[in-house]
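Lettered A, B and C in written order, each chain numbered from 1.
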Amino acid sequence: MYSEDLAQKAADNLKAIREKKPLIHNITNYVVMNTTANALLACGASPVMAHAAEEVEEMVSFAGALVLNIGTLTPPWIDSMIRAGKRANELNVPIVLDPVGSGATALRTESAKRIIDELNVTVVRGNASEVLSLAHEGSRTKGVDSIHSVDEASDAAVVLANELNTTLVITGEVDLVTDGIRIHLIYNGDPLMGYVTGTGCMATTMIGAFMAVDQDAVNGASTALAYYGLAGERAASKAEGPGTFQAMLFDALYGLDEKAVKEGAKIRT
Amino acid sequence: MYSEDLAQKAADNLKAIREKKPLIHNITNYVVMNTTANALLACGASPVMAHAAEEVEEMVSFAGALVLNIGTLTPPWIDSMIRAGKRANELNVPIVLDPVGSGATALRTESAKRIIDELNVTVVRGNASEVLSLAHEGSRTKGVDSIHSVDEASDAAVVLANELNTTLVITGEVDLVTDGIRIHLIYNGDPLMGYVTGTGCMATTMIGAFMAVDQDAVNGASTALAYYGLAGERAASKAEGPGTFQAMLFDALYGLDEKAVKEGAKIRT
Amino acid sequence: MYSEDLAQKAADNLKAIREKKPLIHNITNYVVMNTTANALLACGASPVMAHAAEEVEEMVSFAGALVLNIGTLTPPWIDSMIRAGKRANELNVPIVLDPVGSGATALRTESAKRIIDELNVTVVRGNASEVLSLAHEGSRTKGVDSIHSVDEASDAAVVLANELNTTLVITGEVDLVTDGIRIHLIYNGDPLMGYVTGTGCMATTMIGAFMAVDQDAVNGASTALAYYGLAGERAASKAEGPGTFQAMLFDALYGLDEKAVKEGAKIRT
């Protein structure tokens, strides 16, 4: 039912992260800087948060992946994201974009679209409304404004991935990853994740860590989400609410070993 | 001894928040962005943190309340607060102000006063020295510089609420809420809250959530504080210090049901 | 083996912090603002985070120590740090610098050096590569680029402390404190600290709190690190991973009493 090959791949990728400790360069929002840094440390990667125009090109040159997240956005941050992203593209450092709030305000939507237009973005991760807000005017997906299930999102996501020439990740009760050709569905996770801020942003940065060791964007993203969702399941099984859940999520990201990931990853192709 | 009507009102307001999931727009300080977002999620509301001048008017138009908090302040943030607040006033979205550090530096005091002058602020919440620092020159409350008890603060707060034409909330061992006519005292809470940063700011944003479902500012603020203080009591009963307390506070905000709130709220009129 | 005098001094300093509750003014990075504020509260000090050029001089005038931390740096923050630091120097408020990322990018290295050049910095705390990156061109320590142990770092640190005319703190498996003459080694701590973001920054701000009650920089820094490391040991003995560890670290900072500190501090001279 679930792919054994991808479960093995998830375990292998986790092992590679712990061995190589890739630096993940985040230009991200104030709300989640602490929690995404802790998620990266817990899984075995090395986080750095740096947004100054004066240093982002230098910093990204050491990185295994660049994570761009547009929450708590102001225009100077976008300029730094573009600057870092251009250097990342030159160096073939994969870029993951989290279009937080795209579709809600013009600043967010336009900024997300600008990043996708000006950079070669490897993966975009958001919820359904954020991701589908990235469609161009006249797109076949424009006007899809009520996505209630993975099935409904799936067709639109495939079309949009081709339009944007990137891999799209729509997270929700079930997570969907598609490059416009392949589709992976990930069934790991727990509803308590919706009661902790930054759990989506942590998913994005986990994808960054896995992309640093897996050049296949669809595999990298789906194995990251399986591992992360599995940690959520483990934390939820012990937590008494969202506060203890968050602490236990970091424990689980740290404590999950390759065997547990191989046995628990639920990815369908 | 404690008001049964207001205890029922606290339970009803909590129920309404969980049903309506109001968006609470925060323009707040860097220290507490994560924790206030988590407090809002735990109680059932939807947080958004957004401060860019380019988007605050658009964002606040979706909101059930606007929370302005002047910790880690710089002047551009004040401009965004004024901009968001003017739009909030046009749309009758209630505004809650947390004058963090007012009275400590000229920037803080003047910024808090400017916000109150230029906007129609529904509720101001702070500790005694912060709130009383908002008095105009020549105010009857000016010079009240040693407030050691709710009784001492009470008279000054009533006068000041009339002067500023707003509802004032002074939190401490006992919390006081007054619009210059009515006075509510709230006896929930725990001393451990003083050992966790942002517990005051979380109180402010809880007031925002309750204001989104209760148009009566005095009732909204006092029921929010009773619920929040009750969660603090529950967390403190299990915690082994301020770190586990913080995690358990989110658990308690999430786990408290209407029955527990009705039985535990301690509001006196 | 370990100094009993310094263990007693650690206990005395902790007692003094809890009695005097010194205000510690932090101009620090976004990632750790929340956690360093919580560490200060847990140990008994009063944190304030303020970075606006308009208020830093006023704020630092109330402070027992000024903590400057260059993570998530942009140039306007450096200007505020210099401004606050000049006023701190006039008032004899001790300054602790955390040169986060110095050596990694030119912005970080140059900013850290500028702070040291323009201010009278009392203590600099970082890891070995950060601290040794502060050497001037032509320094005897320049080119020391592989420091794997305290022994290797020790000689370079003594030379550099004299060059920079400050007290240097290099934290790692064993922590080293030197003013160029005396050397203290601190053996408290736990490897789990490396899996939580901001544990180094918390060490720096703990040094700030201890400097506020101990004018001897070497003693202040080493007693702070013993107390902080001991809290880490206590937390690690109960935690199931880095998430619960972080919560329990605050519990331990709060719960450690003078007796436990006197018995557990491991400082060698």
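The rule we apply is simple: a contact is a pair of C-beta atoms (placed from the backbone, for glycine too) under 8 Å apart; a residue touches a chain by one contact, two chains touch by 3 or more.
If you're wondering where the values come from, they're calculated on a predicted model, not measured in any experiment.
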{"item": "Copies chain B and chain C - rotation angle from C-alpha fit, nearest 5 degrees", "value": "120"}
{"item": "Copies chain C and chain A - interface residue numbers shared by over half, same or different", "value": "different"}
{"item": "Separation of chain A from chain C, taking each centre as the mean of its C-alpha atoms, in whole Å", "value": "34"}
{"item": "Per-residue multi-chain contacts in chain A, two or more chains", "value": "30, 34, 246-247"}
{"item": "Partner chain A, residues of chain C touching it in the complex", "value": "29-32, 34-35, 71-75, 101, 104-108, 194-198, 239-244, 246-247"}
{"item": "Of chain B, residues touching chain A in the complex", "value": "30, 33-34, 37-38, 41-42, 47-52, 54-55, 58-59, 62, 246-255"}
